[in-house]
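Here you go, one structure.
Should a chain be cited, it is by its letter among A, B, C, D and E, assigned in written order, with residues numbered from 1 in that chain.
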Amino acid sequence: MSLGSVKASYIPDSPDILVSGREITVSFSDRNEKRTTVLDGLDFDIYRGEILGLAGESGSGKSTLAKTILGMVKYDSGRLYVGADKPQMIFQDPYSSLNPAKKISWIMQEPLRLGTNLDKNTRKQKVSEMLSSVGLSDEIGDHKPNELSGGQRQRVCIGTALMRNPELLIADEPVSALDVTVQAQVLELMKSLHKKHGFTMLFISHDLRTMYNFCDRIMILQKGKIVESGKPDEMYRNPKAEYTKLLLESAGISSGAV
Amino acid sequence: MNNYYFKKILSLLATLLVISFLVFSAFEIIPGDPALSRLGTNATPERIAALRAEMGLDKPFLFRYFLWVVECVKGNFGTSYSYNVPVMSMIGEKLPITITLTLLSMSMTMIISVPLGIALAKYAHRTFDKVGFIANQTIMSVPAFFLGILFTYIFGLVLHWFKPGGYISYKQSIPGFIGFLIVPAIAIAIPKCAMSIKLLRAAVLQEADKDYVRTAYSRGNSTMQVMYRHVLKNALIPLVTFWGMAVADVIAGSIVIEQVFNIPGLGRVLLTSISNRDYPVVEAVILLIAVVVVLMDLVTDILYRRIDPRVRRNEKG
Amino acid sequence: MLQSIRKTLKKYNNFFFNVGMIITLVFFVLAVVGCFYTPYNTTEMNVALKNSSPALAHIFGCDNYGRDIFSRVMEGIRNTFFISFFTVMIGSLAGIVIGAISGYYGGKLDEILMRINDVMFAFPSVLLALVIISLFGSGTMVVTLALGIAFIPSFARIVRSEYKKQAALDYVQSAKLMGAKDIRVIFVHILPNILPVLVSSVMIGFNNAVLAEAGLSYLGIGVQPPEASLGRMLSEAQSYLFSAPWYALFPGLAIVFMVLGFSMLAEGISAAKSR
Amino acid sequence: MKKVRIFLTGLLMTMAVALGGCTGDKTAETPVSSAENADGSGYSATGQITIGIAQDLDDGLDPHKVDAAGTREILFNVYEGLVKYDVNGNLVPAVASDYAISTDGLTYTFTLREGVLFHDGNAVTPDDVIYSLSRCADTSNGEALKPALTNISFLQANDEGKVVIKLNEPDPDFLSYMTTAIIPAWNTDPETNVVGTGPYKFVSHTPQESVVLEAFDEYWGEKAHIKNVTLKVIANPDSIVMEMMGGSVDMFCRVTDEQAKELATGDFNIETGTMNLVQALYLNNSYEPFQDERVRQAICYAIDPDEVMAYVSGGEGTEIATAVFPAFGRYYDASLNDNYNKDVEKAKELLKEAGYENSLEFSITVPSNYQPHVATAEVLVEQLKAAGINASIELVDWDTWLSGTYSERNYQATVIGVDANPLTARALLERYRSDAGNNFMNYNNPDFDAKLDAAFATYDDEEQTKLFKECLSILSETAASAYIQDLPCFVAVRKNVAGYKFYPLYAQDFASLYFTDAQ
Amino acid sequence: MLLEVKDLTIEFHDHDRPETVVENVSFSLDKGEILGLVGESGSGKSMTAMAIAGLLPRKKMKKSGEIIFEEKNLLTLPRNDLRGLQGDEIAVIFQEPMTALNPTMRIGRQVEEALLLHRNMTAQDRKNRAIKYLKAVELDDAERIYESYPHELSGGQRQRVMIAAAMINRPKILIADEPTTALDVTVQAQIIDLLQRTNKKLGVAILFISHDLSLISRITHNVIVMQNGHIVEQGNTDEIFANPQNDYTKKLIAAIPKVELN
């Protein structure tokens, strides 16, 4: 799954675009050769340092877009530029995103083992630093994933992803499986880390409420097409696309209502 | 849907072709020569050469294999070197024996293991379960031929329920034929039953934790109703795979059982024709066994689709 | 380190594991001891003791050559134990490699490997044993090789389905994103997670290996006389069921209990893992 | 001419008698009922018997082609030659009622017996005899089925309906070849249509299951008593006891001594005879250590036939010291047995002289389907250990033995039993000529070859016997092989069946069997 | 009152030491009322609901207190009588539509199962009734859905089927255990809407369990807030959301992401 599967690489016009795609189309063929298109000629740009929200319902193609950017899915046509080296991802289900057979400290050391030639102690040192920066105590390192709560596990995922401070971090519904109170704390943590390290983040979610305070910009995805994008404040006040209106209404967001 | 089956059958044929080639080349390696085996000790080089030519063994290996495949496709499997009887008639005679033995033992396995498996699951984690489990494990560890010897001794010689070695051909009397095969079938079925019970119990316990079982209870179903109406069908899925493989295992295992109970089934034909280097018969028997094994795979697949509609659309798990 | 051993042992002390471990240990000791010492020389014949019944001197009695059955059963256990052990090693190691690759990559490679698997599955092990015997001569090594190869398909299938399941989980994707090469993902990341399933199927494989070896030597293929094999002792004992029934009883019981030990162990391990 | 014939027949008869003394110690009583039943309305046999056979008739049913002992001994009941062997190994007239041999031994005249019918009801005619014999002598497509018959130069029926045979050169054993089966002239495919003149006619053969024979009521000689004989194939020798005790098999030839003991406790009588074969540890004389005579002799000293017999034959075997078994009464010399009485020290000494002290190693290849030979090999391995000889056993299936050991001769030692087919001294000894096709032992001894040729050349009987005996003692002195025993032949017969007869050759005479309780 | 819960206490005994999951919970449910039961995971809200539905495992469980329904205490009711109520008077819908339906059984048979257990009707009547209810939950071409399998439907459709199956015997109480958590926002709104209309039309009392406070605020009459097995606050929904007394309730309400569009 190397990154090199760029069909037609091209350099976007402005230098502060980190990831850009033109006419990106992705389709899958299931058993009886029926092809279903998931991304249909998508154009998008992600600017360096911003938090871009990607909203859409299940089946809209938001995870596929994430995987396409990461090179885990080959796209049929279009042009894609990914300026970030080794982008990292945080997954939705905290129970399957950490290797159940390994200790937390082993998992967090893995990016250093693969990418750097730091010796054991320095790696351990770096892990305990990261653990504290994601608000976890050092002895968490000796535990196994199944001994941690959902919130703790998600913090470990974030820590692991940031070990080699990547330029791009993709978070695929990182908090939707957590309790409300824990959700707020994790989002708070991601916000502060983003401020501290300045990495670019693609935040995928179906909850427009959380995205309102979290994202700099939001793109609405429906059936593989971007129906609208813009700053949350403007978009929520006067949505242009019908689908955006429906989403806002269903989430109980109308001008003035909580 | 049918292009899935078309591809499946195509791959089955490919598997058969590869197996037949392997068997053909196996005989190039194994020492011994059918002509010599036919002529015995007073074979002389000239006579061996003459017989080999008659058997067509003097032609190069690949040519012989190709010729054989062409003949097979036309449905003519050649004649046996030892009995010069057409291979098909010889095997045709033995097939009903092995099929009956397999069907008897498999049906016994199914009839006994389903209720017992569910009962064990129902009373799981209680003394009955533990005792049942140990009995299950012990039965599973008994080799079929040891069971065969024990049965022949106890039921045959002591209790005289059946005449050891008293195989009656189906040509003479069908009831006698089936009557005799019951005890060997039990000897085969018992270890298979033990394994089925273990698998079914595990599957039922696994399904019992699933959400739809809670929904069934919420509608007012009793435990038994939930077990038989909801859980059983889902729990059968892993069992179907095991039974598919078990049939292939029973046929291979019947070689030993036929030896203990002196039943002239396919197992015996395979063994004797291997030692007589009776190539056409060995090829045909192995192909037949391979067809059954591979068919079982197909049948399991179909059963899968009958039981689990989810599989119908996407590729089997 | 000590603390974690005590923790795992505590997790494992369920009924089946303990009983299974005891029986398996007994057989393991018998097998290892059998390599160096047996109460009597296993091939030393003694006309006077022909078919003599179990007595203090010969607790299992003597066979039709007057050889001590207990020593021969020990030698039989040794042969069967090590044959089954190496059979399962060959079968599982090859099975892991084939299963892992076809399960992890899927697609064409998976299709081909599975077809090869079907072929090996349908090919009768009796013929395979004969081919190998004619290539390398008969003996314990040959039976081990023949059975080992015959066991690869079932292991490959189990490992393949496990790898298919694990490969879909997120921790595998994140390992790849970190830059782990496929080989590392397969053996360092995924393998530890399928160990419980693998261990229990290895144990069940062990049972089938013992039963298969007994079956093969029953048909006269495998361990050569005068060396003892439980399967052949059982087949020879058939002729003496009346005058010397113990000749059949003890090898048969040895097989049954050896297999029972392993299956209880397998059950104990999988029960502990699932808790 | 007539006088000469009587003399010769007399002579041949005496020779056969000399061969005698090989039947089992319990000779069968004469059958109770006469051939005709009371109302004389033509004879009809009754009852059914199931006889177990270890080997299926899997090398065909053509009497002129089959070689396997198991097949020959059964077809003995279905086919007959002009002459056939009786219980004592004498050649008695069969399809031919009488025969005359010319003084120069070149012309044989056979008078066909009146009333001999084929199983399909037609009478036997001279054409049938000529067809049968010429079929065996025919060399048109390669080698003749029975090479010895190529010696025939003239084969025709004379005006009195007798069959006249002229030979190119005299052959004292020619009469033994006249046991060749007579088949009807119309029968071009004896494989499938099995029609002979014997006491039993062929009914059916289900491969690997059973062969069914039925009494031929119009048989010319002593008619069969039991109507239906089912020969049931028992593939697993170990399960014989269980099946007989279980009641599904009434008789089995060649059970082991232990099985015999078991069955004796049940509803069976055990008849004991000899297998009529030379069981030995045959040594491949071309294998490097065995080229040295002293090594072979050391092996003979190291092994103890009596101990082998104690284990393998329950003490019932007959020790032999050279390539002949007791059935050949006139050549069998029991004194030779003392050439190599067990002497471990002597064996070690010889090995030291030959430079193999405690270093002789060889493998014994044994066909796995012959339990007595496997058992013998296991005992021999034990015995050889005492003399510092390290022997190992390699079990192979019959076909591998036939091709690997027998025809390609790549083996070191093997344990097998060699029979005499036909029942002549030539058949036993010819095998040891250095250039003989079936000399699988690679025995090579010029003075033995010379003596053997001399024996074949002489026509004087005493002279030939003396020469044959000298040949046999050479084999013993030069330890061609380590001879062990003529295996005992235990036949288990259900108590209500009697009349079993032992023959010095591979023959099972079912016609002589009868139910003691039925008649 | 339709349902009275008095001092309900539930203790688990399968681990080495007993664990109290619910401790003296008391509340009541009136005819036609929609009562919210809110709390984070581990708060005991589902346990309480399952106790009412009679779905708690029989062994390794100590239950005390009373659940009075039509003068009968559901905690001590013999199993057969309890089964008489389940699916007839008290019905349940669950969170995961994907797994709450039997994957190998056709939709129709699952919807009409409650009829089979509690009413004696001919097969045809059951089918008609089932199709009638499938239409009532706004599933277009109910006939096709009747014959199809769960995996052939979307999440929303499946939840509608669950509701039809639960309502088919016109139960007095419907327990909805986080019915919309696994659904998309737009589908969630439609299901909530359907539940509200069902409550008004059939007068069924709904016990709505959720951790999503904004949802609770929009549809329930009264609400109960639970933490670690205890009720920390209960009362009229609008009053509690206007000024919550208990700190934990305050914290929960504060955690709802606010969208001030000034």
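By definition in this document, a contact is a pair of C-beta atoms (placed from the backbone, for glycine too) under 8 Å apart; a residue touches a chain by one contact, two chains touch by 3 or more.
None of the values given here were measured: they were computed from a predicted structure.
Participant: Which chain has its C-alpha centre closest to the mean of all protein C-alpha atoms shown?
Facilitator: Taking the mean of C-alpha atoms per chain, the most central one is B.
Participant: Going by the average position of its CA atoms, which chain sits the greatest distance from chain A?
Facilitator: Most remote chain from chain A, centroid-wise, comes out as D.
Participant: If you average the Cα atoms of chain A and of chain D to get two centres, how far apart are those centres in Å?
Facilitator: About 90 Å, centre to centre.
Participant: Round to the nearest whole Å and give the separation of the Cα centres of chain D and chain E.
Facilitator: 92
Participant: Distance between chain C and chain D based on Cα centroids, please, to the nearest Å.
Facilitator: Taking the average C-alpha coordinate of chain C and of chain D, the gap between them is 47 Å.
Participant: How many Å are there between the centre of chain A and the centre of chain E, using C-alpha atoms for each centre?
Facilitator: One centre to the other, that is 34 Å.
Participant: Two or more other chains touching the same residue: where does that happen in chain D?
Facilitator: Correct list: 236, 239, 242, 245, 397, 400.
Participant: Would you pull the chain E residues touching chain B in the complex into a rising list?
Facilitator: 53, 55, 83-88, 91-92, 94, 96, 99-105, 113-114, 117-118, 149, 151-152, 162, 165
Participant: Across the complex, what residues on chain D touch chain B?
Facilitator: 56, 58-60, 67-68, 141-143, 191-192, 205-209, 232-236, 239, 242-243, 245-249, 369, 397-400, 402-404, 406-407, 421, 437-438
Participant: Which part of chain B faces chain C closely enough to touch in the complex?
Facilitator: 11, 14-15, 18-19, 22-23, 26, 29-31, 130, 133, 137-138, 140-146, 149-150, 153, 157, 245, 248, 252-253, 255-256, 259-260, 270-271, 274, 282, 286, 289-290, 293-294, 297, 317
Participant: Which residues of chain C touch chain B in the complex?
Facilitator: Going by the criterion above, the answer is residues 15-16, 111, 115, 118-119, 121-127, 130-131, 134-135, 154, 161, 164, 207, 211, 214-215, 218-219, 231, 234-235, 237-238, 241, 245, 248, 252, 255-260, 263-264, 267.
Participant: For a test of understanding, state which residues of chain D touch chain C in their complex under the given definition.
Facilitator: Residues 236-242, 245, 256, 258-259, 261-262, 265, 307, 310-311, 368, 374-375, 377-379, 381-382, 392-397, 400.
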